[in-house]
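Across the two complexes that follow, subunit A remains constant while its partner is subunit B and subsequently subunit C.
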Partner chain A sequence: MILNLLTNLSYYIPEIVSIVTMCALLFLEASYKASEKSRTMVFVASLIGLVVVLFSLISNMSLEPVSLFASAVVVDKFSTLTKILMTLGTLGVVYLSYKSKDIYTGLKSEFLIMAMGVLVGGMLLSSANNLLTVYLGIETLSILSYVMSSFKRHESSSTEAGMKYALYGGISAGIMLFGMSHIYGVLGTIQFSEMVPLLKELTGANLAVMLISFVLFFVGVGYKIACFPFHMWSPDVYQGSPLPVTTFFALVPKFAGLAVLVRISFVFFSNEGALQIGWIGLIQVVAALTMTVGNVTAIGQDSLKRLLAFSSIGHVGMMLLGVVAVSESTTRIILFYSIAYLFMTLVVFYVVSTISDKYGTDSHSVIKGLIYRHPLMAIVMSIALFSLAGLPPFSGFVAKFNMLSAVIESKYYALAFVAAINSVISLYYYMRIIKMMIVEQPETNEKIETFNFINQALITVYAIPVLFLGIFWEKIMLISDGAKIFIVP
Partner chain B sequence: MIPYIAYLGISAFLFIIGLAIMMSRKNIVAILLGIEFILNAAALNFVTYSKYSAHNLDGHIFALFIIVIAAAEAAVGLAIVIRYFQLKETVHIDEASELRN
Partner chain C sequence: MSGLLNWILWLPVIGMIAILFVPKDKKDLIRTFGVVTTSITFLLTLVLYAKFNTSIGGMQPEFLIKVPWIEQFNIFYSLGVDGISLPMVVLTGLLFLICTVSSWSVDKQVKSYYVLLLMLQSSVFGVFFALDFFLFYVYWEVMLLPMFFLIGIWGGENREYAAIKFFLYTFFGSIIMLVGIIALYYATGKGVDSFNILALQGGHFTKEVVTLFGTEFSFEKLFFWAMFLGFAIKVPVFPFHTWLPHAHVQAPTAVSVILAGVLLKMGTYGFLRIAFPIFPMASVEYSTVIAVLGCISVLYGAFCAMAQSDVKKLVAYSSVSHMGFVMMGMAAMTVQGMNGAVLQMFNHGTSTAMMFLMIGVIYERSHHRWIVKPDGSKGYGGLYSHMPKYSIIFIIGMFASLGLPGLSGFISEALIFLGIFNRFTTITVFAVLGLLLGAAYLLWMFKRMFFGEASAEVKSYPDMSIREVGYMIPLCVAVIVFGIYPSPILNVMKASVAQLLDLLGKFS
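Moving on, here comes the complex of A and B:
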């Protein structure tokens, strides 16, 4: 038994490395002196930790699906790919937080410690194999996120963001837990693999209880990915948090939430029956409303952060389309969408962060005539925005196209229609930013000089996948080949 | 022996009280209290089902985890609320409207 657990640990190296890095950062913080050298050291340590995590994840890619720790977690290709995406997102955000001025200046390594913790929570969530692990993952993710969003301790807006996040989070976690308790009551187990055969035999009252319980369960996951009825916290938190934290929230918790939603949909709802009809119906309605609310509300926003919050809500709606069309190929499509979304988001937030650091505000007006002040930044931002809007030949187009074709293949024509309309709506507000950057004259002709060579190189590196994934997407799809969900006992 | 349904009734009652508190009260500390009600309702459910219908220990373990995590969540939530009170001198939910377009 003990030997078995020890061998399991060898599959779990990425998580262990993350936790070790987190603890190492705590110790480094103890020896922290207020100097540039000390600050750089902390960042380098966390970058090294993350790179090690990334490599150990890549070496895990070739493993057969296996369940660990008495079936608490499962390591398969899908979960490993999601973890890679989350680690890449964290890497990008860690560098962003190093250069950003938006974050509280007296901050030492708190951001990095919390970010590693959220990463561990996300990893747990994406490989969850029983209800307890789902709950633990969501809470690890959430509780650290509350702290992260209230990092600017001296500004009431940031504290307010953290407070709203904590309240919404607590409520939805509680409701989710109540749903889980009834799922356990009806089925008598919390293991996914033991639940699947029992679900088929449900009838009558038990089935009704199950349907309601899964709706309650969806509240918790839906809040984590910010889909329609539970999206209210998202714009407030995005606006109030420091920009690196906002970027982080746009990436890691979303991927983790989507991963667990995909896993649950595949494990429990791939058999035809009343449960599947109920669940797919729920996700369909939620996806359509999420897209529409996100994109329509984004139009009137002045704050760039708020606009990006609503645009990310719109994208989550798009990704939910993949959950609706439950089949093996859609897992790959969702993963591809996530990859495209990762790089687009990193580029956009990087630019917005630089600009709002310089002007001290993130209102629309600061971006006017950006092309006269920093051409590279404006071009890269335009590429990312075109891609977010889903125009060919960028990666966003391929991602959206694949998603729509999967939905049409599964004959959800109304949903595909809503998604297409939403693409048009989103085009409007993305184009408005591009018009502001390129056509309109700047208020001042002062050049942005703080954007040094490393930043320029980095932003170009982020933009390359946005451009090339749109052309060579089949190769990337091959990597995620076989990334289906396994039910491992 | 107390019947099975009594426990479920109490837990449903706690859940509804929690929801009602969160919807009607404007004090942020009271809302945190409402969250605790809901978490405890879920924990009670788990223990009941564990004893009466599932006959395994999964529910007991789940309840222990709920207690620990609820404590962590309350600690973080209260810390943030205290900070907010220091900055704004109020814990009224309607006053927290700075982030609105």
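Moving on, here comes the complex of A and C:
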């Protein structure tokens, strides 16, 4: 037993390293007086920790899929790749938080500690293999998120965000738990692998109960990825939170939530039957509405953060399309979409953060005539926005193309047309930003000089995949294609 | 010679990269780079024309290029040229050369301007060369980016609205087309040829069925309309034309020229290369609809043109009218009609380019484009006596545009009417009115601008400079020569058009 546990632990190095890093950061932070030096130390330590996590994850990519800890978690390529994405996202956010003025200086180290915690929660979620682990993962992810969203505690918008997030989160977690208890009540087990054969034999009333309980279960996950109708918290939280936190929320919890959604769809709903019809029907409607609501509402937004919140709701709708098509290609396209989305989001938030740090507001007007004030930033941002809108030759287009392919392959033509029209709507508001940056004249001619060499290098590095994956996407596609979900026999 | 298409396609990109390394304030050097690049490109298109084998109907085997791009999805970088695309390619080469010369007077952000212009040229070539559907789509969309900025930055007062409207409208059409492209990919079973435009041709989808909202639709018909939407917006056919007047009026001169001269042709080219051959049954079945829409475009465009007091808007609406003729010629699906349509695509490219350039010339002097100013006074008047060079070239362009025998517009329109008369007689009768209206609004415009007493302001305008005359001459020559002797173009397209008609004939 102990030997077994020890061998299992060897698969679990990334998580262990994350936890160790988190504790180390906590000690570091606590044992020094708050000063610039100690902040830098915590920052560097977290970077080192994350890089180690990243490398151990990459080395895990070559492992055969296994289930660990009495089948509570699964380590397969799908979960490992999701974890890599989350770690990359965290890495991007770490530097952003270090330079950002939006987080109170005294809280910067705390942010890093909590980010590590959320990352651990996300990792747990993405490899969850029983209902309890899913719940644990979601709660680990959420509780720290609530704190992070109210980081600007002297501002009412931020406390409001934290409050809203917590209330919403509490209720949806409760509903989810309620659903889970029904599932357990009917099937008598919480293990995914034990549930699958039992599900096949369900009939009549039990089947109906099961369908409803999965809907309830979906509430918890849907809230985490902010899909319609559980998206209401997202704009307020995005706007109220400090920008690095917003960036973090746009990436890590979304990837984790999607990962668990994809896994559940694969494990439970890949067999034809009433359950699959119900589940796919649900996701179809949710996907269409999420996209439409997100994109249409984004049009009227003045605050860039709020606009990005709605745009990310639109993108979640797009990613849900991949779940609709429960087919071989699902994991591939969702992972590719996530990879593309990661880099586009990093670029956009990086620029928005820099600008709103300088002017103290994130209203549309501050971005006017950016091309005259900082050409690199404007060009890189335009590339990212065009890519978000899904225009070739950028990675967003390839992601969208594959998403549409999956939907059409499963012959949901109506959904494909909805997605197509949505991408026109999204182009409109992205283009308005681009127009402001490049076409309009700036209000001041003052150059932006706060953007030093490291920052410039960083956004360029983030922008390269946006461009590169739009043209030479075969390699990454093959890697995501190999990242299959392991269904424990 | 097999790399010729690659050279034509990528030379503008090379020029673009070269310009990126030139310092911003060396404006003349940037302009020279632009002109040199487009001249070499134009020469290469002429080489392509010279090497073209007119007896082959399909893609010229000598120039085919096919390299795997994304093997996993059977996407290829595959280029080719045939008799339908060759006139467009040469036209693109010519018009971009003229535009880079005529844009010498642009003084705002010269570097970005030329970079975007060359990027546009490359993507336009890409559309005309692409034989892979994915590649085609990529170029089709990439073209929107430089256009958006060219209209948005260098345009007139209302440029932002125009740029966004143009972008959104076209994007809407093309994304619906994308759904069609993907549907075709799966309908052919994801095989090696699933994105191969040539292999998709031939009516393989007549029996496929699609279920949408619980109702069964014919695959062929549904996705014919999806493609139709994409191309019809680009042409633009009534009722999808509303973006065009805005885009034209706001765009800077050179961009208007490109837009009317080349970009609109991409729509009709799409019909000939994609919609018709891939969905021949639906095309034949709905040719009446296309002809009727074409006829409405002809008349509606002409009436709208007549009502304009902004001369550029007038020419913009005349484009709608003239592209309507192209649609009618294609819908006829006869030898004369189809040849006339392709010829009209070329001829409209040269004559409208002339008109837009001439308007650009006068705009640089007067800084307005009113035939009649909003306050009711004359915008110009008496140009004829004060700008003789300008007037002569303008007359050539105008008469070519209204279809005077002896100039290029006449031949193509006559061919179109010959081709369509037997098939859609009633429609033809109405469309002929369009010719009359065309003469009416152009001559009326001419009368108001060129005759009468010249105001002091008009007297102060200098006549055309050598540079301006210089870039107009090739177009004048083209308009006159192809008006008398159109065979150089007709010979090139004959075999390809015949092949297309063969295919369509099987389904009518």
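Methods note: the second predicted complex is superposed on the first by the 486 of 489 C-alpha atoms of A that agree within 3 Å, B and C clash if a C-alpha of one lies under 4 Å from a C-alpha of the other, contacts with A are read in each partner's own complex, and residues count from 1 in each chain.
One rule holds in what follows: a contact is a pair of C-beta atoms (placed from the backbone, for glycine too) under 8 Å apart; a residue touches a chain by one contact, two chains touch by 3 or more.
Fair warning: this is a prediction, and the values are worked out from it, not measured in the lab.
Looking at the shared chain after the overlay, A:Glu409 reaches subunit C, while subunit B stays out of its contact range. Put simply, more of the residues of subunit A are touched by B, taking subunit B and subunit C as the two choices. Residue contacts after overlaying the shared chain place A:Gly174 against subunit B, while subunit C stays out of touching range.
Once the two complexes are overlaid on the shared chain, A:Ala70 sits clear of subunit B and of subunit C alike. Judged by the touch definition given at the top, the superposed model places A:Ile212 against neither subunit B nor subunit C.
Contacts of A:Tyr135 after superposition: subunit B is touched, whereas subunit C is not reached.
Once the two complexes are laid over each other on the shared chain, residue contacts for A:Cys23 go to neither subunit B nor subunit C. On the side of subunit A, the complex with subunit B involves touching residues 131-132, 135-136, 139, 142-143, 146-147, 150, 153-157, 159-164, 166-167, 169-171, 173-175, 177-178, 180-182, 184-185, 188-190, 235-236, 239-240, 300-303, 306. For subunit B in complex with subunit A, the residues that touch the partner chain are 11, 15, 18, 22, 28, 31-32, 34-35, 38-39, 41-43, 45-46, 48-49, 53-56, 58-59, 61-62, 65-66, 69, 72-73, 76-77, 80-81, 83-84, 87-88, 96, 98-101. Contact residues of subunit A toward subunit C in the complex are 386, 391-393, 397, 401, 404-405, 408-409, 411, 413-414, 416-417, 420-421, 423-424, 427-428, 431-432, 435, 438-440, 473-474, 477-478, 481.
For subunit C in complex with subunit A, the touching residues are 70-72, 137-138, 141-142, 144-145, 148-149, 152-153, 159-160, 163-164, 167-168, 171-172, 175-176, 178-179, 182-183, 185-186, 210-213, 222.
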